[in-house]
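To keep things simple, chains are lettered A, B, C, D, E and F as they appear, and every chain counts its residues starting from 1.
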Amino acid sequence: MQLYPLKLVTVVGESVIMDDIAKEGVKLGATGYTMTDAAGEGSRGARNVLVSSGAKTQKVEFVVPMEVAEKILKHVSHTYFEHYACIAWLADVQVVRGQQYL
Amino acid sequence: MQLYPLKLVTVVGESVIMDDIAKEGVKLGATGYTMTDAAGEGSRGARNVLVSSGAKTQKVEFVVPMEVAEKILKHVSHTYFEHYACIAWLADVQVVRGQQYL
Amino acid sequence: MQLYPLKLVTVVGESVIMDDIAKEGVKLGATGYTMTDAAGEGSRGARNVLVSSGAKTQKVEFVVPMEVAEKILKHVSHTYFEHYACIAWLADVQVVRGQQYL
Amino acid sequence: MMIPLCSDLLAVAPPVVVAIATAEQLSRILESLERNLLTPIPLCFVLGIICTRIHGGIKIPKELYLSIAIFLLMSIGFVGGHELAHEYQEHGVSTIWKPALATLFLGCLTPITSFLVLRYVGRLSIADSAGIAAHYGSTSAVTYAVANSFVEQSQHPANSFLPTLVTILECPGIAIALVLGAALMARERAVKGGGGKAGEGKLWEALYEVMTGQSIMLMAGLLVIGFVSTMFMSEQAFQPFYDFFQSKGMLFRGCLCIFLLEMGLVAGERLGDLLKVGPFLVAFGVGIALVHGFLGAYFGHLAGLNLGGCTVLAAIVASASYIAAPPAVRLTLPEANPTLSITAALAITFPFNIAFGIPIYYEMAKWLGAT
Amino acid sequence: MMIPLCSDLLAVAPPVVVAIATAEQLSRILESLERNLLTPIPLCFVLGIICTRIHGGIKIPKELYLSIAIFLLMSIGFVGGHELAHEYQEHGVSTIWKPALATLFLGCLTPITSFLVLRYVGRLSIADSAGIAAHYGSTSAVTYAVANSFVEQSQHPANSFLPTLVTILECPGIAIALVLGAALMARERAVKGGGGKAGEGKLWEALYEVMTGQSIMLMAGLLVIGFVSTMFMSEQAFQPFYDFFQSKGMLFRGCLCIFLLEMGLVAGERLGDLLKVGPFLVAFGVGIALVHGFLGAYFGHLAGLNLGGCTVLAAIVASASYIAAPPAVRLTLPEANPTLSITAALAITFPFNIAFGIPIYYEMAKWLGAT
Amino acid sequence: MMIPLCSDLLAVAPPVVVAIATAEQLSRILESLERNLLTPIPLCFVLGIICTRIHGGIKIPKELYLSIAIFLLMSIGFVGGHELAHEYQEHGVSTIWKPALATLFLGCLTPITSFLVLRYVGRLSIADSAGIAAHYGSTSAVTYAVANSFVEQSQHPANSFLPTLVTILECPGIAIALVLGAALMARERAVKGGGGKAGEGKLWEALYEVMTGQSIMLMAGLLVIGFVSTMFMSEQAFQPFYDFFQSKGMLFRGCLCIFLLEMGLVAGERLGDLLKVGPFLVAFGVGIALVHGFLGAYFGHLAGLNLGGCTVLAAIVASASYIAAPPAVRLTLPEANPTLSITAALAITFPFNIAFGIPIYYEMAKWLGAT
């Protein structure tokens, strides 16, 4: 079975911004995203506020090629890191039928 | 501390099939699985329907040796990729007391 | 954009111990953690009991440098593996502005 | 039995369409429309649609939605069992068996009419036709609840055993459509020589899942519980349970408001899909509701239901399932596009029934002579 | 105080067993069984079990389950506080202190009886014995609610301060069993020379967590709130709160139905474990309930409770905790297998009490002379 | 209109402070305090605080909390619409337009007074001042509910259209504070030459989100629904809906108890932040409530509200939003520290209003001559 080497971008942050990040990720080239409710603590976690959808912290994941990953990480770090509670990282994954996500 | 190199197989898809995928993964050799409720968008996300357990999208993860990982990915891709909204990937992980999961 | 190579430690286990693990991880040097509700099966999954917060199984993730990762894994494996349902693994990640998490 | 009834029906149908258009009836329909629409339940649905369309912030936690669904199903079952016990104590099964048979017959007929129209008029694929037919062959408990509160407000309460009919109508339609779809697709595949993959082996599993699904287990289970406890409990001890579940009570009505708000939110999102699904499906969603509604009223009347009963039976026959059917169809006919069926059921037929259908079926039932 | 009571008891016990078997009593028990079983609350439990066994689709969102648990605990506390205020205004503490002491005594006795039987008759490990004893030393609020509704239906309502006794019974049993288990295991470990790991340091933490856990905080907190607001509010202002929380009301009874449905779903899954846990535990789950139930009825009667009160006290003493105890035991005695304790508490003792235990305790209380 | 009113106000203010201190009034306040505090609603809040402080185990699922919030907002809207319909049928808009205008005026005034005090007395940053001002410019639906139940218990029910005023008060304050904050920060940034990043482009988006947010959609939507269905439905058909939503009913009061328990749990956690936010903010949280409360009572009286109405208007003007405001502020003014605003709103002003504010506003309204 052929597997395509792609990147998994994970962003965890306060839920007030996570819907926007998911949408912006798609605009920057991701073919989709997966969002999970979470809870967490960090250096600025107390900033999180309750939104009407419930969770204070959310995690969003994108399976993307490296260029898109870079774009998303740059965008997130430039737009949100200063004032919002959030963390972002990158990992290597092998994706089934990965050509769909290029 | 000894760590065992194993594979982490992640499948995200519409929840109507995710219980089956978890069970089938165990049948194919996984010693267990972890399931999380999620939300997401993708090329076929609109296909997701509400099931009585609530979430429309779920994520299931298996920590398994490479042979089992291949079997699970093949099975999932062969059985579900054509008609169901789902995505699957593989990552390298180092597992504590990993011999239990071989 | 500069990315820092760090470790992602993931622990999945019965929720009766997960709050403690999260706190102990921070004590051992993690700058934060992310916790998700999950469900799962494993060799000892039947041990899980309902706690008043709801989920029987939870997942906690730490982005940390290798030394802290080792400490957390050692602690978890030494303290909880014998009697509690839980699994722990390590993966490589590249973290944005990773110096914050050192 | 089916053939004479059908020819009967054909003889009756055309005049209906004409008759229904008389001025007096139209004005009566308009009046009931007003009486029907300007009440909290449909207005909450409208609020939900508006909120979605203007990207408003109402978010009903899905656990609340699921909890209310559970309560409504339990309530329909329990009250049904309670009323059935009274009916049974007074009349035995004499008043019930005919409506029950008629309902069963309608539950077998409607998936077939739907399939035929979709496949041969709409030229949809086998999978899509069968998938949508499964939705229209089953029923919507919420439509039942709204219809029931309409006839109560009109001072023509339905026969007491109507909730039992809802339970009867839940399953057969889904089962027939799924079996039909799977069989036709297997034949097609055999002809084309392609090998089936997912879905096939899952047909019986899915049928079992429908028959033991949440809707049917809760409705049928509470029906039995309501029946038994009415038989064996003192009235005083029974009262708090009745107060909790009773469908005229504040809990049922209030929960229905919140439920319809959420349905409006979901339907509002689906409105955008109306363009995608095309004009045929819109016409189908309204047309088949009217046809099935007329069949419901007609057979209900034949089986001896009263005016309210005919109206409610018409409404539930005309309604399409959007809770039990979708996962079953998704598992069995994965080639079927759920956007088509859910949009039709939820964004076309459901609001049509809530707003216009129910008063129309009421007039149909009246015109057929039900009292 | 304990010694004379105990010898008293030994003199009384054997005839009970004989007497309870007289034909007339048996037929009365069967009658109450019918009156007890054929009501919505136990029937919902049965529906849950059936649904799980046939792999049916009922899914109660865990948030609904947790919310109902919160409501039931608040309700028991609030009504308890309200009734306590009335009792206090009329009789001061004169009627209450004896039952309270008796309950406290039973709360300390039952974990020990359980432990001894499990360890020396059942030959279970120290950890398992202490873990199960913690469950049986505490109580189940739902069993209280069902027993209470049984005696009300039997026209013998319990003394008004019974909810207070539930609160008293919640903690001591868990605490005693955990301390006992931890101490014995430490000794054993010292003998064997092995080093303890997790759990040990967590004993005091876990005890504190039990004492400030959700069950006790809500029950005791609302007890105080119910007491204070009964004292200071006008009746009219108090009414809506009372209507909301009152345990004879539609909300309490209805929520209990849904809660028991979920408990049936969980117990149904545990039924499969009955084989695993073996015949001893099944016998224990029934036998210890009968013994503790008799002790409850006996000491309740000594302390001056009425017929309903003795029955309810017997039921709560006989019941086993499955909400507060499991996490506490899991943290403190991780070597204990939760499958044993939860299966015993939830799949054996709870259904036994609901179905057979409560009517039996009622007869026991009658036989003891309670009126 | 604004200027004469303001000078009026200045003439009135000092004597108030003196007058309010007379012995008789103080004892009356103490009496109402007791009557107010020793009721389940504030006691549940206290229980929540205690539970958090002693690390107790009460956990309200967030879905329950959100569901109750939805119910309370719908209820306030629905009852508001119902009462508005009655008022309108009897008096047209003659009695309503003045209070509505006064409320709108107060909604525009309070964010500005708050901002000025925070920025120039407290020397907070622009972002923090504007962020906190947005909270205090809006209102808290729960404070409304508690104030309303207070005046009902005091036999001085508020004018029927008060819920309408809550709806009017929700938005303008947030909008004004956010626009003010964004404008001043842009100017400051322009001066400093720094380039703005997040937040800026999101102002209009956030304003739109406030105006179509859950609170306003549910309250305004149900207001219309309550109004329309009161106009068009028979009383009998309307009754179950009214019973479900009515704010004197058991559901509303009971849900309020659970909601305040959760608010107590959250406020308890914030208590630890009181030290961090410092004495100025504590003083601000109390002082601004008293000032805004007085303004509310004063303008309410000018606009012709009765004693209960003035009290409730004072309470809602004095209250600070902690549901709608926080996400809006977080999106628009990310530099503002949410710990400051949420601690002030939830751990200072809210409990102050619930415990002391409402009875004080009642006395203020009396002193101003409202009857």
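Points worth noting:
Please note the rule applied: contacts are C-beta pairs under 8 Å (C-beta built on N, C-alpha and C of every residue); 3 or more make two chains touch, one makes a residue touch a chain.
In this text the structure is predicted, and so the values were computed from the model without any measurement.
Chains that count as touching both chain D and chain F, per the definition above, are A, E. Think of each touching pair as a link: the shortest run of links from chain A to chain D has 1 of them. Looking across B-E, A-F or A-D, the pair that copies the C-E interface, with over half of its contact pairs the same by residue number, is A-F.
Among the other chains, the CA centroid farthest from that of chain C is the one of D. The distance from the centre of chain B to the centre of chain D, each centre being the mean of the chain's C-alpha atoms, comes to 36 Å.
Taking each chain's centre as the average of its CA atoms, chain C and chain F sit 41 Å apart. Inter-chain spacing, taken between the CA centroids of chain E and chain F, is 43 Å. Contacts with at least two other chains are made by residues 36-37, 52, 54, 91-92 of chain A.
In chain D, the residues that touch at least two other chains are 57-59, 61, 63, 66, 213-214, 251.
Applying the touch definition to every pair of chains gives A-B, A-C, A-D, A-F, B-C, B-D, B-E, C-E, C-F, D-E, D-F, E-F. Every residue of chain B that touches chain C in the complex is listed here, in rising order: 1, 3, 6, 8, 22, 26, 31-37, 63, 91-97, 100-101. Here chain F touches chain E in the complex through residues 34-35, 38-40, 43-44, 47, 50-51, 54-61, 63-64, 152-153, 248-254, 257-258, going by the rule given at the top.
Partner chain F is touched in their complex by these residues of chain A: 14, 16-17, 46-52, 54-55, 78-80, 82-84. Per the touch definition, chain A reaches chain C in the complex via residues 10, 12, 36-43, 45, 57, 59, 70, 73-74, 76-77, 81, 87-92. Against chain F, in their complex, chain E makes its touches with residues 61, 63, 66-67, 70-71, 74, 78, 208-209, 212-214, 217-218, 221-222, 224-226, 228-229, 231-234, 237, 240-241, 243-245, 251.
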